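In what comes next, chain A is part of two complexes: it sits with chain B in the first one and with chain C in the second one.
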Partner chain A sequence: MIRYLLKRLFWMIPMLIGISLISFFIMHLAPGDITTTEAGFNPKASEESRQKLRELYHLDEPVIVQYGLWLERMGKLDFGASFASHQRPVFWETKDDQGNVTKGLIQEALPITLLINVLSLGLIIAIALPLGVVSSLTQNQLPDRAITLFVFIGFAIPGFWLALLLMYWTGVVHDWLPISGLHSLHYDQLGFFGKIGDSLKHLALPVFISGLSGLAGISLFVRNGMLEVLHQDYITTARAKGLGENTVVYRHALRNALLPLITLLGLAIPGLIGGSVIAESIFAIPGMGKLFYDAVLMRDFPVIMGILTIGSALTLLGNLLADLAYAWADPRVRRGVMS
Partner chain B sequence: MTTINNHPIVPMRLLIGAFILSGLAGCGAPEHTTTVDYDGDYPVEQGGSLVEATRGEPSGLIPMIAGESAASAVAANIFNSLLKYDKNLELEGELAKSWQVSPDQKTITFTLKPGLKWADGQPLTSADALFTWQLVTDDNTRTPYGADYKLVTKAEAPDPLTFRVTYPQPYAPALDSWAGLQILPEHLLKGQDINTTAFRRNPVGSHYYQLKEWRNGERITLTRNPNATQGQANIDQLVTRFIPDEASQFLELMANNIDSMALNPIQYARIFPARPDLNSKIGLYKELGNSYTYLGFNLKHKPFDDIRVRQAINYAIDKQELIDGVLLGLGEPVASPYKPGTRWTNPKLKPYPYDTAKAIDLLKAAGYEDHDGDGIVDKNGKPLSFEILTNQNKQREMSAVLIQRRLKEIGIDVTIRVLEWASFVGRYIKTGDFDVVLLGWSLSLDPDQFSIWHSSQQAPGQFNFIGYHNPRVDSLLERGRLELDPDKRMVIYHEFAEILLEDSPIVYLFAGYGLPAIHKRVKGIDNPAPPAGIGHNTYEWYIPRALRRNEISTQ
Partner chain C sequence: MRRDLVIKALSNPLALVGFVIILGILVVATLAPYIAPYDPNAIDVKAILLEPSALHYMGTDGLGRDVFSRMLYGARISLLVGIVAVGIATAIGVVLGALAGYYRGWIDVVIMRMVDVMLSIPTFFLILAVIAFLTPSIWNIMIVIGLTSWMGVTRLVRAEFLSLREREFVMASQTLGAKDRRLIFKHLLPNSLTPIIVSSVLGVASAVLIESGLSFLGLGVQAPQASWGNILTDGKEYIQFAWWLSLFPGLAILITVLGYNLLGEGLRDALDPRSANKNK
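Right, the complex of A and B next:
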C-alpha cells in the first residue's frame, strides 16, 4: 500500500513538469505580452520604456530560457510576482523589512472560490441524492418524470440569465438578498452572528447558481446507478430473505450505487479551485475564475502559470485520492491495489 | 494618463438584462419606495458617503506604476500634481501657486503654495517634487511613462517652495506632463523599492481624501483628509465598489446600493425613459468622452496610398448613421483629434459629409470602376476589397458592420475580423500586417500628437503604425513642440488638424459621450457638464442629511 502510494506520488513529478512545459509553451503561442496590454496603446508610453519592461521581466529571452528561469524559481517553490498587479506575489504573502505583509493573489482568491464551490457541492449532493433515489424508485412514473424535467431545466438554463433574474427579484423588487459583493458596507459594525448572517446572505445566490447546473449530472448519475443495482441478483436475494424495503433500498442498493460517485467527486476536486468567470463577474466575487481570466487577457504569465500549476497538482492529487477512496470503499479494487 | 479603453463590452448580456428588466417591471412595484423629495432645495452641508461602482480594481495606488484607469480614478482623489486642468480644460496651478517659463522657453519654474502638508502632517515641499521626478526617471522604476520626464536635463529644488526643470530645447507638452505626474512623499518612500513598496497599497497623499480601507476584490474606502492642500471636500467618505459586470452595477443602482455608475447607451436611452421610478431618484448626465473611434488605413499598402481612395471611403461612410445606430445618438462627429469645445479644436473644420456620388467620382478618378459587372469596382482586373480589423468591442464591431454595408454601395468589398486585444496589437499592429483597422485614440488634453502622426514614429511598437508621412505635418508637429505660448500653439495645431482632415489618413467616426448616472441625493453637480466633465468639482458635491443612506453612518 505504502509502496503504491510512493510510486504514484513520485510519478506526479515528471507529470507536473510535462504539464507545465506544455502550458508554458501554449501560453507563449498567443501573441502579445504584458507590455502590449498594460499601457500598450498609450501614446505617452514610449517603446523604449516598454523594451525596458520586457528586459526586466525576461520577456526578451527565448521561451525555453524563460521556462528554465520559471522552473528554477518553482524548484524553490517561488511562484513569482504578478506583472499586471503591481508586483503582488502570485501565490502566498510576502513580508518586507518593515513587517508590511502583501497578500498573495491566489491566497486571497482561493478561499473564496473554495468556500462557494464546497457549499454548492454540498448543496448538490444534499439535493441530488434524494432526487436520484426517488427518481429510481418511481422509474417512468410522474415523480421521476417531473424530477428529470426539473434537473434538465436547471442544467439547460443559462446561469447568468437566471442569476440576473434572481438578483432583480430578490434584490431590487424585494429587499431580501444583497445583489452583489461578499460583504455589506457596514459589515465591520456587525456582531459575530450578524457577520455570519451577512456572509450567508451574500453567498446564497452565487452558491445556488453554481450548484444548479451540477444538479442534473449527479441526480441522474444516482438514479441510473440505483436502477442498475436494483436489478442485481443480490437485491432480489435481499428481498427474498424478507428484508424490509427500506433496508433493501438504503443499506443494500444505495451504498453500492454510490461507489462510482466517489470517483466522480475525486475528479471534482480540481474543479473546486476553478471559479466561473461569468458567475464571479456578475456577483462581483473576487475568485479564481476572474483572476485567471484577467491574467490571460493581460498576459500576466506568472499568474497564469501559478494557477495552472496548482490546478494540475490538485488534479493529480484528486485522481490519487479518488483511487484510494475507491480502494477503501470497494474490497474488489483494494485487493488489486494491495497486491 | 489616459489609455484607450479596450475592454470588451458585452451588450448581448445587457440586452437580455434590459429585456428582463422591462419584462419584470410590471410584476411587482419596488418595495422600498420612499417619500423623500430628491428634487427639493437643500443647503450645502458636510458629511455623508458616496458609493461608486467601477468595473476594475486598481492594482495599486501609485499611478505612475499601476497605469490602468481604475487606479488613476482612485489615486486622483488622493494625490496632487503641480498643475491641473480646470473645468474648461485650461491649465492652472494645483500644488503650484504659479509657474514661469523662461524667455528661451527651456526652463520652467514652479512656485509652490506655502504651507502645504501631507495627510500625515509632514510638510510638502519642492523636495518631494524633485524626488518624484527622480523616481519616474529611474531605470529601476517599472513605469512605461518615463519618456516625457527623461527629457529634463536638470531638475532642482533651490528652496522649499521652488521647483525648477530645464529642458535641452523648448518642450511644449512639458506643462501637460507636469499636470499628469502626481507628487509622492519623499519622507515615506525614500530608500524603498518603488515597485514593491507597501506604500502602493497604503498610500499617503495630499488631496481631498486619504485611504481608509481597501478590501481586496471588493472595495476601497476613502475618507476626508484633514490636511488637504486644496481645502475641504463636502462629502466625508468615498466608497468605490468593484463590480465587473455592467448589468449587476445597474441592478445595484436600481436597488439604491450605489450612488453612481457609468451607463451605456442602452441603459441611458432605452431603459431610463421607460422607468419613471428610476428617473425620480437618479439623475442622468452627459459629458464628452475621452476618446474617438476611427477607421485607419495602412498607408503603406495599395490602394490606401492614394488619397482619392481614402477620401472616397470617407465620403461613403455616414457618420450620423453610426452615431444613431451604435451610440443611440449619444455621441458627436469629430473632425480633428481634439475634444470639441476646447481651444485646440479648429471650429472651421467639418467632417466629410455623406456623399456617395462624390465617393464614386473619386474612385473613378483613382481608376476604380466596375468593369466586369460583379458589383465590385476594380482596377487592372483587381477588385477593391479589404479586411477591417478590430478588437472585441461591441461598439467597434457594430460600426464595422455599418461601414461594410455603406462601402458595398460604392462597390467596395469589405470583410470584418474581430480579435482579442493582446493578439490584435501583438500580431497585427506591431507587424504592420493589416489593411484597415477600426480603433480608438484618446482625445488628448495637450495638443501634441507627435507620437501618433510624425513620420519618425513608425518603428514596430510605435504609434504611427498606419505609416502616415506628410512633411508639412511633420514640421508643424515639430514646431508645436517648441512653442509654449498657448495662443501661438493653437494656430499651429489648427493648421495641423486641417491638413490631417484633408489628407484623410484615418476616417473620424465619432466621439461617444460619457454617461454618468448619479443618485439625486448628491447635490452640487454641474449640469450641463463643462468640457472637463461633471467630475471637475466633486469636492463641492454634497449630500444633504435628510437624503443620506441611513445604513452607513459615519458617526
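Right, the complex of A and C next:
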C-alpha cells in the first residue's frame, strides 16, 4: 500500500508541472502584455500597479525565465496579493511587521466551498442511491420510467435557471428560505443550534443546485451498475441457495455495484468545484466560485491564477483519495496494487 | 452512416423525439429573420416589461425589446456555439485519440498525460480564466469551449483504435501490406464512427449549457446580441416583476439540451449493440 501511495504521489509531479504549464500559457494568451488595456486591464490602473504586475510575473524577463520563476513560486504556494484595493494575499495569511495577520482570500473561501460540496455529495448519495436501486429493480416499469425521466430532466435543466425559479418560489412568493448570503443579519445573537439552523437554511438552495446534475448522473450510474451486477452468475447462485431478496440485492448486488462509484465521485470533483461558480455567484455565497467570478470580472490576475492552480491541485488530491479508497474497498485491486 | 442505420436509429422512440426537437430548433433558427415579428434589438421605451400578449407573444424586456424575437435569434446562437464548439473538440479529439491508439508507445503516453492534466483542471474555472485574459465574444466562447472539451473524445477514439487494431480484419489488411493511412482511414476510423457521433451529440448538449451559463454570468455572448443565457440575466434582474423573462429562455435551454441528450442516448441504444443488450 505504501509503495502504491508513493508511486501515485510521484505521478502527481508531472501532472502538477502540466497544470503549471497550462496556467502559464493561459496568462500569455492575452494579446500583447496582460498589463495592457487590450487584455481588459482596467484602463484607469496607474502605471505603478502595471509595474507591480510586471514585477509579480517578471514580465520583463525572457519567457523561459518567467516560467521558471512562476514554477518556483507555485512550489512555495506563493500567489502574491490581490489587485483589489484591500490587497489581501491570494492564498494564505501573512503577518506584517507589527504582527497583524491578514487572512488569505482562498484560505477564507475554500472551507465554504468544501462544505457546500461535501453537503451536496451527501445529498447526492442519499437521494441517488435509493433512486438507482429502485430503478434497477423495477426495470422498464412505471417507477423506473419516472426516475429515468427525472434523470433526463436533471441532466438538461440549467442549474442557474432552476436556481432563479427556486429563489423566486421560496424567497419572493413565499418567505421560506433566505435567497442570498451565508448568514442572517442577526446570526451573532443566535445560540449554537440557532446558528446551525440559520446556516443550513442559507445553504439549502446552493447545496441542492450544485448537487443537481450529479444527482441525475449518479442515479443513472447506480441503475446501470445494478442491472449489470444483477445478471451475474453469483447473484443467481445467491438466489439459488435460498437467500432472501433483500440480502441478495443489498449485500451481494449493491455492494459490488457501488465499487466504481468511488472512482466516479473522485472524477466528479473538478465539476463540483467548477460548478460552484454559478451556484455561489447567484446566491452570493463567499466561496471559491464567487471569489473566482469576481476576480474574472475585475481581471484580478493573481487571484485567477491562484484559484486555477489550487483548484487543480485539489482535484489531483481528490483523485488520489478516490484511488486509495477504491484499493481499500476492493480486495482484488488491493492485492494487485501490493504485488 | 448507411441508410439502414439511420432508419434503425430513428425507429428508437427516444432518438426520434430528440431528432424532432433538434430539427424544430434548426428550422426556427434558420427562419428567424422571417418568423420574428420585431427586430430583436429594437428598443421601444413605450413597451417596457409588457406581459405576454397577442402583440408580444413572450412579453418584452427591460428595454422594451420583443422577447419572442430575441428568443428566435438566441436559438441561432445556441445552435452555432454548440455545433462549432463540438466540431473543434471532436476534430482535436479524433486526431489525438487516433495518434495515441494507433502508434501507442511514447506518443500515447504523452497524449494521455495531456488528457489527464486537462481533466484535473476544473473545466469551468479553465474556461472563465481563458475568457478573463481574452475578451468575451461569441467566437472566443466557441473556441474556448472546444479547446476545453476534447478529452472525452480522445479517450474514446484511442480505446476504439486499441481494440480494433487487434481485430482480425485489421490484422489481415495489415498483413496484405496496407499502409498506415489506409488502415486508419479505411478501417479504424469508419468503425469508430458510432461512438464518435454519439459523444458529439451529447457534447453539443453540454456546450449549449456552458454557453448559456457563461452568457448568464455576463461572460459569454455580449449584449445587444441576444442569447438565451443573457435574456436570463435580465430575468434575474426583474425576477420580482417579469416572470416571462425567466421562464421562456430557461425552458428553451431545457428542451434543447433534452433534445440533444435524447438523440445521443437513443443513437447509442440503436447503433451500439453492446449497450442495447445491456439496457434491455
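Quick note on the criterion: the second predicted complex is superposed on the first by the 287 of 339 C-alpha atoms of A that agree within 3 Å, B and C clash if a C-alpha of one lies under 4 Å from a C-alpha of the other, contacts with A are read in each partner's own complex, and residues count from 1 in each chain.
As a working rule, a residue touches a chain if its C-beta (ideal position, glycine included) is under 8 Å from a C-beta of that chain, and two chains touch if they have at least 3 such contacts.
Given the structure is predicted, the values throughout are model-derived calculations rather than measurements.
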{"item": "Which of chain B and chain C A:240 touches, first, second, both or neither", "value": "neither"}
{"item": "Partner chain in contact with A:281 - chain B first, chain C second, else both or neither", "value": "both"}
{"item": "Contacts of A:168 with chain B and chain C, given as first, second, both or neither", "value": "both"}
{"item": "Partner chain in contact with A:181 - chain B first, chain C second, else both or neither", "value": "first"}
{"item": "Which of chain B and chain C A:88 touches, first, second, both or neither", "value": "first"}
{"item": "Partner chain in contact with A:160 - chain B first, chain C second, else both or neither", "value": "both"}
{"item": "Contacts of A:152 with chain B and chain C, given as first, second, both or neither", "value": "second"}
{"item": "Which of chain B and chain C A:15 touches, first, second, both or neither", "value": "second"}
{"item": "First, second, both or neither for A:77, with chain B first and chain C second", "value": "neither"}
{"item": "Touching both chain C and chain B, counted on chain A across the two superposed complexes", "value": "30-31, 39-40, 160-161, 164-165, 167-168, 172, 281-282, 297, 299"}
{"item": "Chain A partner contacts - residues on chain B that touch it in the complex", "value": "1-4, 6, 13, 16-17, 20-21, 24, 27-28, 30-32, 49, 51, 57, 59-60, 62, 65-68, 139, 142-148, 180, 195-198, 200-202, 215-219, 239, 241-245, 247-248, 251-252, 254-255, 257, 420-423, 425-427, 430, 441-442, 444, 449, 451-452, 459-463, 551-552"}
{"item": "Sites on chain A touched by chain C in the complex", "value": "14-15, 18-19, 22-23, 26-27, 29-31, 34, 39-40, 152-153, 155-162, 164-165, 167-168, 172, 224, 227-228, 267, 270-271, 273-275, 277-278, 281-282, 292-293, 295-297, 299, 301, 304-305, 307-308, 311-312, 315-316, 319"}
{"item": "Chain A - residues contacting chain B, complex", "value": "30-33, 35-53, 56, 81-82, 84-88, 96, 98, 100, 102-103, 108-109, 112, 160-161, 164-165, 167-169, 171-175, 178-186, 280-286, 290, 297-299"}
{"item": "Of chain C, residues touching chain A in the complex", "value": "113-114, 116-126, 128-135, 205, 209, 212-213, 216-219, 232, 235-236, 239-240, 243, 246, 249-250, 253-255, 257-258, 261-262, 278-279"}
